[in-house]
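One chain, subunit A, links the two complexes that follow: it is found with subunit B in the first and with subunit C in the second.
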Partner chain A sequence: MNVDVKPMKTAAELSLAGVYATAKARLPGGGAVAALRESAFRSFDAQGLPHRRIEEWKYTDLRALMREARTVAAPPDAAAKDRAKVAPCVIGDVECRRIVFINGVFVPELSDLSALEPGLTILSMAEALAKGDVRVTQHLGKVLDNNDAALALNTALMGDGIFIHVAAGAAVDKPLHLSFFGPDTPASVFTRSLVVVEKAGRAMLIESHEGASDADYQVNAAIELVVGDEAHVDHVKLIAEGVKALHVSTLLASIGARARFNDFTFTTGGAVVRNQVFLRFDGADTVAGIRGANLLDGKQHVDTTLVADHHAVGCQSRELFKAVLDGDSHSIFQGKIIVQPGAQKTDARMMTQALLLSDRAESDNKPELEIFADDVQCGHGATAGALDQNLLFYLKARGIPQKEAEALLIQSFVGEAIEGIEHAGLREVLLEAVAAHLAARK
Partner chain B sequence: MALLEIKNLHAEVDGKKILNGVDLVVKKGTVHAIMGPNGSGKSTLSYVLAGKPGYTVTEGDVLLDGESILGMEPDERAAKGIFLAFQYPLEIPGVASMTFLRTAVNAQRKRRGEPELSTPEFMKRVRWMAEKLEIEPEMLRRAVNVGFSGGEKKRNEVLQMSMLEPRLAILDETDSGLDIDALRIAADGVNRLRSPECSMIVITHYQRLLDYIVPDVVHVLSKGRVVKTGGKELAHELEARGYAEYQDDAAA
Partner chain C sequence: MPAVQETVDQVRRIDVDKYKYGFVTDIESDKAAKGLSEETVRFISAKKGEPEWMLQWRLEAFRHWQTMREPKWARVHYPPIDYQDLYYYSAPKKKKSLKSLDELDPEILRTYEKLGIPLREQEILAGVERPDGTRSRVAVDAVFDSVSVATTFQKELKQAGVIFMPISEALREHPDLVRKYLGTVVPATDNFFATLNSAVFSDGSFVYVPPGVRCPMELSTYFRINEKNTGQFERTLIIADKGSYVSYLEGCTAPSRDENQLHAAVVELIAHDDAEIKYSTIQNWYPGDKEGKGGIYNFVTKRGECRGARSKISWTQLETGSAITWKYPSCILRGDDSRGEFYSIAISNGRQQVDSGTKMWHFGKNTTSRIISKGIAAGRSNNTYRGLVTTSRGATGARNFTACDSLLIGDKAGAHTIPYIEAKNSKAVFEHEATTSKISDDILFYCRQRGLSAEEAVALVVNGFVKDVLQQLPMEFAVEAQKLISISLEGSVG
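Presenting the complex of A and B:
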């Protein structure tokens, strides 16, 4: 017997309803977009904020972690733009085309949209939604069928973001850096982007999220990505939010045949982070690498949830996630590989490893395989442990002091995942970021 | 003058007594061989000297230049010139041999108040030593010992030793797992380090290694004590007669 129990709405849920009611008239897009928002909000409203009895959110009870909802951030003022302008770039001197957002709003004067490579189109999402640009509306909310409550909330409240289109056969040489700066007030931000790389196109996306350390802002960012047949797309996300921030981000990607897709998420910042990756392999013989590294301390809570859904024959996916946990931090990895009937010759391997530097840190790993085809190779593994005392002794016996020896071992641990990034300059930047993080350890 | 003095050293691991009063004096520039049956405490002695955690000294002392080292961390002892060539060198995935060597050399120099080696100077030394030890330059770019054969690992230990220029090198069964050619290459590397400034403790089961690294003094360790000390001819006697007489001889 099923009893439909409708729990009482929390203060945050009630205030999100209020936020939507007030904002919807001002949010960009008419007709079809407004209908998309409305149906997404109804889906969110019916589900409520995800909580621990929702299996996919078991370790990240957003209902408990998000006591209050914030009002939508106001567009940035001149001071905020000045701060973003002088902020040191998180990706160092890697040559890229920078596209800046502050408080969830595209900032053209800090962005470089000049002399776009042939075949490359870049448009702010607010503008594309307002115009009802068909290149956007034909994909938006349709790349994957996904009912996640946090994504539904994003769809209901999406403000700005970016639309990037790479034409068939076009190679965008310079990485596109989507640089998001959070609000310096207790406000919320809902960004939505769409990236379409047509057949045999080539693009690299770098997405960074930063923010002030004293503001408890909330970010809900989503990107829909279409990787066409034979396209080659790299996506690197750096989550370096302020220490009080709550960050939920979602990547939804549909990947065509004989394509290459390489995804990496590097999380160092934020109080509560939920990083969701949903991939669907829609064409045969594609190769994908999905990797990540979390370097956490204090009371940070970082949840990576991945679903790799194999619908096509002969695709290969490699998943490797590393977490280094200090203090009272908590790292979660939920990874599910689905092999649909007929997705024969799928070759999927998932590994998650946690290095616990403190007795109080916690790592939860939940790998899942759902296989409905009979000629596949799938595997998963999970490890959690402290630094190897024998290795430490070996290094120290060569004269390397404790802290340096630990740093060497931690760098090599994380380095294995970072090695998966194809861009050499970005690999260097991340390895240096790891070294800097370790040098700052007590 | 004595470089190293081991005085009535008692040590245990996991509550099990392994060393039961070792006495040993190593003078500057001398090579001591320590032989003995399995389980006599040879490796334990090497770990205690290097400062491995879990090896508890319950009695006695170890002095280097007259100063006790027992309270020192392994890296402090290394900076003072103690080097242990491991019987089973460890693999360190993700750390390139070159990075490892450079970090170690410079950490020791820093602690001794010496300037760091410049990159060209460091590279020149590593390449020269590696060539002598028949270590391919490609191996130095690879992670430390990962995928190395037993012989390559042992030669890598000798390379580290050569770069770190210890005053007291402890070689724990450097001959184990080596064929005769690899043994000769490793032993030549060790012999190049012999000087009035470098003393050695060579731990081995077999006299074979001592044909290449000829010791000044040979000690027999049994049941955690030095039960006999002699010249290099003692190694030949042991080879001919075995350890039986020392094993049966209860520590009296």
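Presenting the complex of A and C:
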């Protein structure tokens, strides 16, 4: 129905306004940063929490899913630090430089910032904002022009995060692992990071989000990423939040010419997850792969929204997203490929596949194309269905029990997406995580 | 790949400035006062001599419409429409009630002759010969502005038990039948334009095919907007009772005028157990000139319901006209084992804007649907496919296959695809593809093994598929249709 309705402010929206009013005086950064916060909050306040009338949020009605807004989490105490210290590492023994955040605050004593590779700079975002570091302020909020309400809220309330700078030509061999631990109280966390990889730089980022299973916390995390010409950047995100958590994360990336960018998101945790990826291809002949896999159960609701905006000639993008749905889970994939006028010779492919293991699970797919150039190759595909009974029969006929046969098929289904990760060790870790998830299946 | 020359030429032939049907028929007409109010609704209802319940139905729709907002989600842009600046009813002046076609205003007869739609039965009989030697026969309901001016072959259809008449006449002769079905597929409050239509619809066709009857000929309605500043709001209602079959065609044209005209129609189809309805459209409303001046706003709600088990509804559309098209012929697959199909070719040129597609709602068990859509955008036009495929929890065994390809000609046009695929049942299988390389690999392999290139193979498969449907059209339509679909698939962009 198209009846005109002016939505009232929800309790969550009103309390977010309160959270901002009380927090803004002690949030890091003055002058330009404060002005940025103020205009972002005004944008959020005008839009309100996204709801199903907002096309981009059609399947994730945050107004309904976020009944209450939590207060901003307090800095971690010693006990929280101890817990994080002994927690098993989500990426196993993959060799990396660990940078730890608890309750959205950078924890130097758990992080490894010693003997940084030449050309690598790492700074806490709170520190950079407080100092008004020009390397940060010149990019912050400016990487992409984006009016998303959840991102605006992040900009208004951003507390800490990380600033990483890779100088031109510098190769950072060790992956940088940004390890985020959520609060163990019903609180909220707003982190903001900025990663700038200059011309021909090389870096790999691993981002993990974990939290206590009994805490009803909210995470709003954003990363702005600048990939310079000829740079090579990998980004792998693991969302393993606690079962009650609400997680909204946004990646904004501008990608230069002849660059390589590989992105992978692996979601297993969280009650409500919204994972947004906005990419803009600014330079010619870049190759990008954006992939992801969701393994869901219970009442999990996971929304992956991706916009790949081609502004330059001759870029190639590949998107592949897989979802395995059990219980009452709900997986959403919204992907949009935009080819701007003049972005000729673009080659973009998008595929989204959902495997429904339960009759109560739901998969919604919206793969969109918006094309304004005539000499391009763009395609998308989407499938949804159950496990192939013929394949199952084949395996069972060879003496493999039902459950194992199912696990094998699911592993190969998800494996196709995981294969896109360039780091062999990380690939192994994720394949093992899939196997463990399947072994725990009833 | 860019489009091949052959395609470019084909599309140029049907470019906006070559619109052939833009002439105006000079006749006197009877009009309602300009503007829209309860008075207008009462005037139309009285003019049609409708029963009281119908008037109340319209008034309810009108009151609801006043609370509604025009939808803005479609990818189309146009200046706001002043709904008070339109005539909602316009009919050629009648001297007395007509006994035969000879009494019809010769100007109108000439108009239809010029459009190639013969209204005299003998002419139709002598009409076009099919390849197998039989003559094609089409019963035509001609709607001129707000009223139906002639319906042919009524006697012969009556013998078969088929009711085919203007809906205004059906409201007088078969009020119970109309009341039973009207608004059951597209409710009066469905959406802004459908609700407007419910309040002010003036004419359209009504078809009822009784159980077990295969309609002996193609039925067709030809819509013509002639009068200036009028909106056309027709309503079509087709019911195929158990085990029956009917094929229905519609065609539409309008004069070339500088101002935009509104066409907001509603079509409702109902198929009972084992029934089949085939609905074909050749939409050729005036598209406006090269610069986008004038043209029809085609805001249409078309929906069919497969109410019975094993029923089937098939939509075929060939869209070349209209300044703006906003149209999503849909199927509600309620009966078990029912089937919905949507075949569309939408060609836009000049500054045309097309936002069209389909919706398939799977409710019954083992329901299947198939969507084949081809959009071709040239000039400075924008062509959007928007489709929804969804299941209810109980739609076990539902299957959908969707393929939508777009082709761009020139770098000023835009082609967009916005599919929504919602799976809520693990035993449902949905496949959606928008690349030419993924149509059944087996068939492609078979063709390629026999020496065809990948592209020839795809063209053969898809064209063969679409042609199969279009050949079901009577020759008058098929000729025009063939011209439009012999377009190469080379350079499809998904």
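As a convention for this text, the second predicted complex is superposed on the first by the 436 of 442 C-alpha atoms of A that agree within 3 Å, B and C clash if a C-alpha of one lies under 4 Å from a C-alpha of the other, contacts with A are read in each partner's own complex, and residues count from 1 in each chain.
Heads up, the rule we're going with is that contacts are C-beta pairs under 8 Å (C-beta built on N, C-alpha and C of every residue); 3 or more make two chains touch, one makes a residue touch a chain.
This is a predicted model, so every value here is computed, not measured.
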When subunit B and subunit C are modelled together on subunit A, clash or fit: fit
Residue contacts on subunit A - larger count, subunit B or subunit C: C
Subunit B versus subunit C as contact partner of A:18, first or second or both or neither: neither
Touched partner set for A:108, first subunit B, second subunit C, both or neither: neither
Touched partner set for A:413, first subunit B, second subunit C, both or neither: first
Vertex subunit A; arms to subunit B and subunit C (CA centroids, nearest 10 degrees): 70
First (subunit B), second (subunit C), both or neither touched by A:404: first
Partner chain(s) touched by A:358 [first = subunit B, second = subunit C, both, neither]: second
Partner chain(s) touched by A:55 [first = subunit B, second = subunit C, both, neither]: second
Contacts of A:341 with subunit B and subunit C, given as first, second, both or neither: second
Partner chain(s) touched by A:349 [first = subunit B, second = subunit C, both, neither]: second
Contacts of A:30 with subunit B and subunit C, given as first, second, both or neither: neither
Subunit B and subunit C, minimum CA distance [Å, superposed model]: 13
Set of subunit A residues, in rising order, touched by both subunit B and subunit C: none
In the complex, subunit B residues that touch subunit A: 50-53, 73-75, 77-79, 83-84, 86, 89-90, 92-95, 99-100, 103-105, 107-108, 111, 143, 160, 164
Subunit A residues touching subunit C - in the complex, by the definition given at the top: 1-4, 55, 341-342, 344, 349, 354, 356-386
Of subunit A, residues touching subunit B in the complex: 389-391, 393-402, 404-405, 408-409, 411-413, 415-416
Of all residues in subunit C, those that touch subunit A in their complex: 1-3, 67-71, 73, 189, 191-192, 393, 406, 408-435, 437-438, 491, 493-494
